[in-house]
Amino acid sequence: MTRHDSRSVDDLRDIRITPNWQDAGEGNCLIEFGRTKVLCTASFTEGVPRWKSGSGEGWVTAEYAMLPRATDSRSARESVKGKIGGRTHEISRLIGRSLRAVVDMSKLGENSIVLDCDVLQADGGTRTASITGAYVALALAVEWALDNKILTESPLTDSVAAVSVGIVDGTPMLDLPYEEDVRAETDMNVVVTGSGSFVEIQGTAEDGTFDRDELNALLDLALAGTARLTEFQKEALA
Amino acid sequence: MTRHDSRSVDDLRDIRITPNWQDAGEGNCLIEFGRTKVLCTASFTEGVPRWKSGSGEGWVTAEYAMLPRATDSRSARESVKGKIGGRTHEISRLIGRSLRAVVDMSKLGENSIVLDCDVLQADGGTRTASITGAYVALALAVEWALDNKILTESPLTDSVAAVSVGIVDGTPMLDLPYEEDVRAETDMNVVVTGSGSFVEIQGTAEDGTFDRDELNALLDLALAGTARLTEFQKEALA
Amino acid sequence: MTRHDSRSVDDLRDIRITPNWQDAGEGNCLIEFGRTKVLCTASFTEGVPRWKSGSGEGWVTAEYAMLPRATDSRSARESVKGKIGGRTHEISRLIGRSLRAVVDMSKLGENSIVLDCDVLQADGGTRTASITGAYVALALAVEWALDNKILTESPLTDSVAAVSVGIVDGTPMLDLPYEEDVRAETDMNVVVTGSGSFVEIQGTAEDGTFDRDELNALLDLALAGTARLTEFQKEALA
Amino acid sequence: MTRHDSRSVDDLRDIRITPNWQDAGEGNCLIEFGRTKVLCTASFTEGVPRWKSGSGEGWVTAEYAMLPRATDSRSARESVKGKIGGRTHEISRLIGRSLRAVVDMSKLGENSIVLDCDVLQADGGTRTASITGAYVALALAVEWALDNKILTESPLTDSVAAVSVGIVDGTPMLDLPYEEDVRAETDMNVVVTGSGSFVEIQGTAEDGTFDRDELNALLDLALAGTARLTEFQKEALA
Amino acid sequence: MTRHDSRSVDDLRDIRITPNWQDAGEGNCLIEFGRTKVLCTASFTEGVPRWKSGSGEGWVTAEYAMLPRATDSRSARESVKGKIGGRTHEISRLIGRSLRAVVDMSKLGENSIVLDCDVLQADGGTRTASITGAYVALALAVEWALDNKILTESPLTDSVAAVSVGIVDGTPMLDLPYEEDVRAETDMNVVVTGSGSFVEIQGTAEDGTFDRDELNALLDLALAGTARLTEFQKEALA
Amino acid sequence: MTRHDSRSVDDLRDIRITPNWQDAGEGNCLIEFGRTKVLCTASFTEGVPRWKSGSGEGWVTAEYAMLPRATDSRSARESVKGKIGGRTHEISRLIGRSLRAVVDMSKLGENSIVLDCDVLQADGGTRTASITGAYVALALAVEWALDNKILTESPLTDSVAAVSVGIVDGTPMLDLPYEEDVRAETDMNVVVTGSGSFVEIQGTAEDGTFDRDELNALLDLALAGTARLTEFQKEALA
């Protein structure tokens, strides 16, 4: 079966990671999953939030946002609305948890890293592109801290990448663009470490439900996809 | 292996569902998963949000909240803080999606049902108790609408229940109270229909990662647990 | 004259106070005035707000809120609206003032007690039930602090209870449920100590005005009513 | 007994009402109770809030605010804080209720009058000065509407005025300035119509409690005081 | 050419500055530019915002606001809307910058002065009246601080005043009231020190554009106008 | 005199305008003034804000924002803070006014164009780059509307561009990067049409004041600079 963009069901879209896309940020990259473009920037600062103070441990957190016209029709800015929506909250939290899974907080010491993931253009998979790109920004920031003798050893225990999978017209598929995403019966985001273990699985039946065989088919696709994304990350960081 | 509350690893806590616990609400129940108590109330109103208007279809949504002293130490009210936190947003959205999975929106007609899930006492599993109780409130509200000739046939296509599972000290376990939840290496919430299909799977490695065998063990526990919760729902609605 | 619920004009509704209704909270009770149910919880914490710091004195405050479907039709949550309404503010302040009237702040030391009054079901008189129940929660929290040697002597100087009175169809009546409250020409909330002195009187002409004789008739009813509520409090605390 | 400003206990402070103090507003006055100065402005507009629409009835409401340096030390602006405080809410609601007590809403037709009471200088009694001045602004706006044939008959059923009374050092006194207000054991605001009936009584024990005799002494003072304020209102409107 | 209020094009409106118009505030005045009335109050407090702490320097800032019925039709309060509008922000910042231009922050020491400019009545030119009046309030506060030995030498390096100019029906004019302001093709606010140097120029083409000759004509008018305002300030402070 | 980046005082930085940098938006470009990068996107929608409805005229507005790490140190997001700051408000308003100066609203019909200017990287001059780029996005959107027969004639009456000028170490200079901007004694933003007329002049003395000769020198530089920017805009649109 061939998809509207002529990929096969187990193909990723064109993946491009441009490290150091901008000047500021202790680490940053522009990551593209096809037409989806996310600018991921790591800000490394000394000190931790008050509730971590004195623990000897660091903190890693993330903020996700979309430009108002990242999508086909314009959305109102959350700053203008005066509050952050549920979807933004949810994705920011997911990115933060995914990255913390590969950071040894005691090796980070009492330092904080904020990952800003700003979607410049959205065509499905913005949260998985954000996680995959944020890892690259994080790794660059850690390198910066090592180079600047702020850290003496890397707090990274592994790498992490994420991909979406879904069942569209009854067929399990990898890395859904918007067009497929809205038609998907089931939609799943899978976050996997470089060594192939799960960090997070979020599967949702959008229309109907899904059974265990479908779940397994989706997980197979996701594990193959994240393994390839891990390669792209390695190249970008080489 | 026996747990601190002397349950075996595949036991649910004491489950109690009290339908019509309060007077108002087209359907409501108090649901208890051990010491966790959630008041679930369905409000049925004519009309739908503007973006659904004219579609001939209904809408089901949910709002989750916790009393300030539902937990061991007091939390500030979100109304006082002037905004809803990320966790609240995330859970409200999960409950809404889970219930919509078993509602045929065209049979609901242009009517709305809001499910309020207010946690009176929290001891882990508040989101899964909320989904399980909200289904009961929803079913009671549908019954009310049928009795009052507002609906002519039930829009419910199945029932839905949810349970938490997790790996604690290396052992997969069912229905975690707070004490186990904080110690869990992996934590998963599974939403399943009465006929045993998945609606939503959210698994998170809290400490380390998890592999496919562990995932399968957790899903087995969850499917057994939700099957028993489905029985409790049936009794409550009988 | 007999009322719709067959009480006489100077009868209270069925009053029920269930101390320790929930697990958390240094003191708590569920109080019922007929169909009105309020969960009152006292949170005792060391330390005082900044403006009291160093004074050697403690602080007592209260927060009142209603569940969205405590009433016949659903109200939007104040957390969702992003601000607290005038009525909520007004009642929270009234409860706080009423309780502070019976606390010797220097005997409390630099400790704070927050009283949360959450209305689970509303049928008129929610603010007077809140004050009456909050006193019980407060007294239990003080007992807890004495038992735990956090306080060496009780800072309570008296007990406090409150009741609503009003003129309905020209007749002064005690303890109005919603049905009578909306029809009342004059509505008064009276807060009285266990020894029978006034703490607060708030009388409002809802339709027309009221004269001094009517005021006196209402105060007579209120004093008799609060005396009986004081008895219920004593029993609950026995 | 003589007070620090050499008034006797039953004296009002110097009362001055300047109608048409500013150009805008269908009615307005500057009212002074001693050093307390409040600008009261009535805005008359066609139409009513949505929930009154189609009722044939009008609506009267009020908004109270203080300039940041109306008081001895500067307070942060509520606009800057992003929310209205409990005290502001409470007073705005009190002013609105007090004025609605003397308006026949059906004679007002579907028109709205907003009373803005902005405290330019505060020395105690700002809420009672606001009510007394707002009535003058309201009466001028009604006159304007009659002159402009927007109304054919006056919707005013009476006049309304308010005064504070309190027990200071054991002595009941009329019209407390800030200096006495902070020392008062009991504090009461009384709203009375031109014909001498009560609209609202709000009595609070600030330190200790009060008994029925004290209440009666305070009410006597208040009724005498509001009768004199009614005279000042008449002169201002003459 | 004569204007609707019979001024010539280079005439100011009637300017009146009443120092010490109210009791509170270390310095204050009511300033009137024709029918525009602004109450300007300086609050002098020890200490500086955190980001200035330890610098040995002071801080001067301003807050501008309008009463809801300062204008012909009522505007909603920003406190009620829960946020400050862009225009308010812009003007507050302009006033602050203008005053800081004549203050030597090191001579002020670690003290803060907040200038509150509250528009009681608006008829065009509220921001220029605010700057001109705020300077008077500031100078009075400095005098107060010198009198009270809080400062040992004046931190004021010059005086500052502001005026609006504009091109109305093709003619450059000084000090526009609302009626001219809305018809102006070009509108300019000019802030000038007592010694005749520019602090700020904000010129905007409201309808069409303006060329360099027009700019020069407007600046000539503005410099003459601010010179006269400087005289009024001197008199008020004499 | 040569600057730190070896430009002469009347040189612009490297200007680059990339039209259609992203897929969405009826017109968009990435504009670069040296290291300053702004993404400008025009969203064309049918309909106008309510207050313009029925006027037969269109509306053009703008929203400016910065990514949190556009600058050297990270700023908190305005969406997270829950409100828009004064600087953001001020710049958004300036961009909107500048563009409206070259649009004939009646030729636009009842259509709206929103210009989003998102600063991806900031090195001084973000507001002038925004205006210059927003004009290109606007012109592309107008072209789109003409191509799609939504408009029959162009509502653009001219082009518009903006540049910053300032006095640094006593020398007037064109197009200041951040390094010069913070050291500038006087700072001016000048908005000029393609035909060389002024739309807006905003000059501020940041340290000291400025006189008329300095003003003239700055305006000469600005007019030469905007003339060159107009050429860049023409090329980008060719």
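Chains: A, B, C, D, E and F, in written order; residue numbering restarts at 1 for each.
FYI, contacts are C-beta pairs under 8 Å (C-beta built on N, C-alpha and C of every residue); 3 or more make two chains touch, one makes a residue touch a chain.
Which protein is which chain? UniProt says A, B, C, D, E, F = Ribonuclease PH.
Not measured: the values here are computed from a predicted model.
J.: Return the chains common to the contact lists of chain C and chain E.
T.: D
J.: Most remote chain relative to chain B, going by C-alpha centroids?
T.: Most distant chain from chain B: E.
J.: Quick check on the interfaces: A-B is repeated by which of E-F, D-E or B-C, going by over half of contact pairs matching?
T.: The same interface as A-B is formed by E-F.
J.: Taking each chain's centre as the mean of its C-alpha atoms, which one ends up farthest from the centre of chain C?
T.: The chain farthest from chain C, judged by C-alpha centres, is F.
J.: Can you check how far apart chain B and chain F are, centre to centre, with Cα atoms defining each centre and the answer in Å?
T.: The answer is 51 Å.
J.: Counting only Cα atoms for the centres, state how far chain A is from chain F in Å.
T.: Distance between chain centres, rounded to whole Å: 33 Å.
J.: Specify, in ascending order, the residues of chain A that touch 2 or more different other chains.
T.: If we look for residues of chain A contacting two or more partner chains, we find 82-84.
J.: So if I start at chain A and go to chain B next, what's the full loop of chains?
T.: Moving from chain A on to chain B and continuing, the chains are A, B, C, D, E, F.
J.: In their shared complex, at which residues does chain C touch chain D?
T.: 83-87, 89-90, 92-93, 97, 101, 158, 188, 193, 197-205, 208-212, 215, 219
J.: Residue numbers of chain A touching chain F in their complex, please.
T.: Contacts found on chain A: 22-25, 28, 35, 37, 39, 41, 43, 45, 63, 65, 67-74, 77-84, 88, 114, 116, 118, 120-121.
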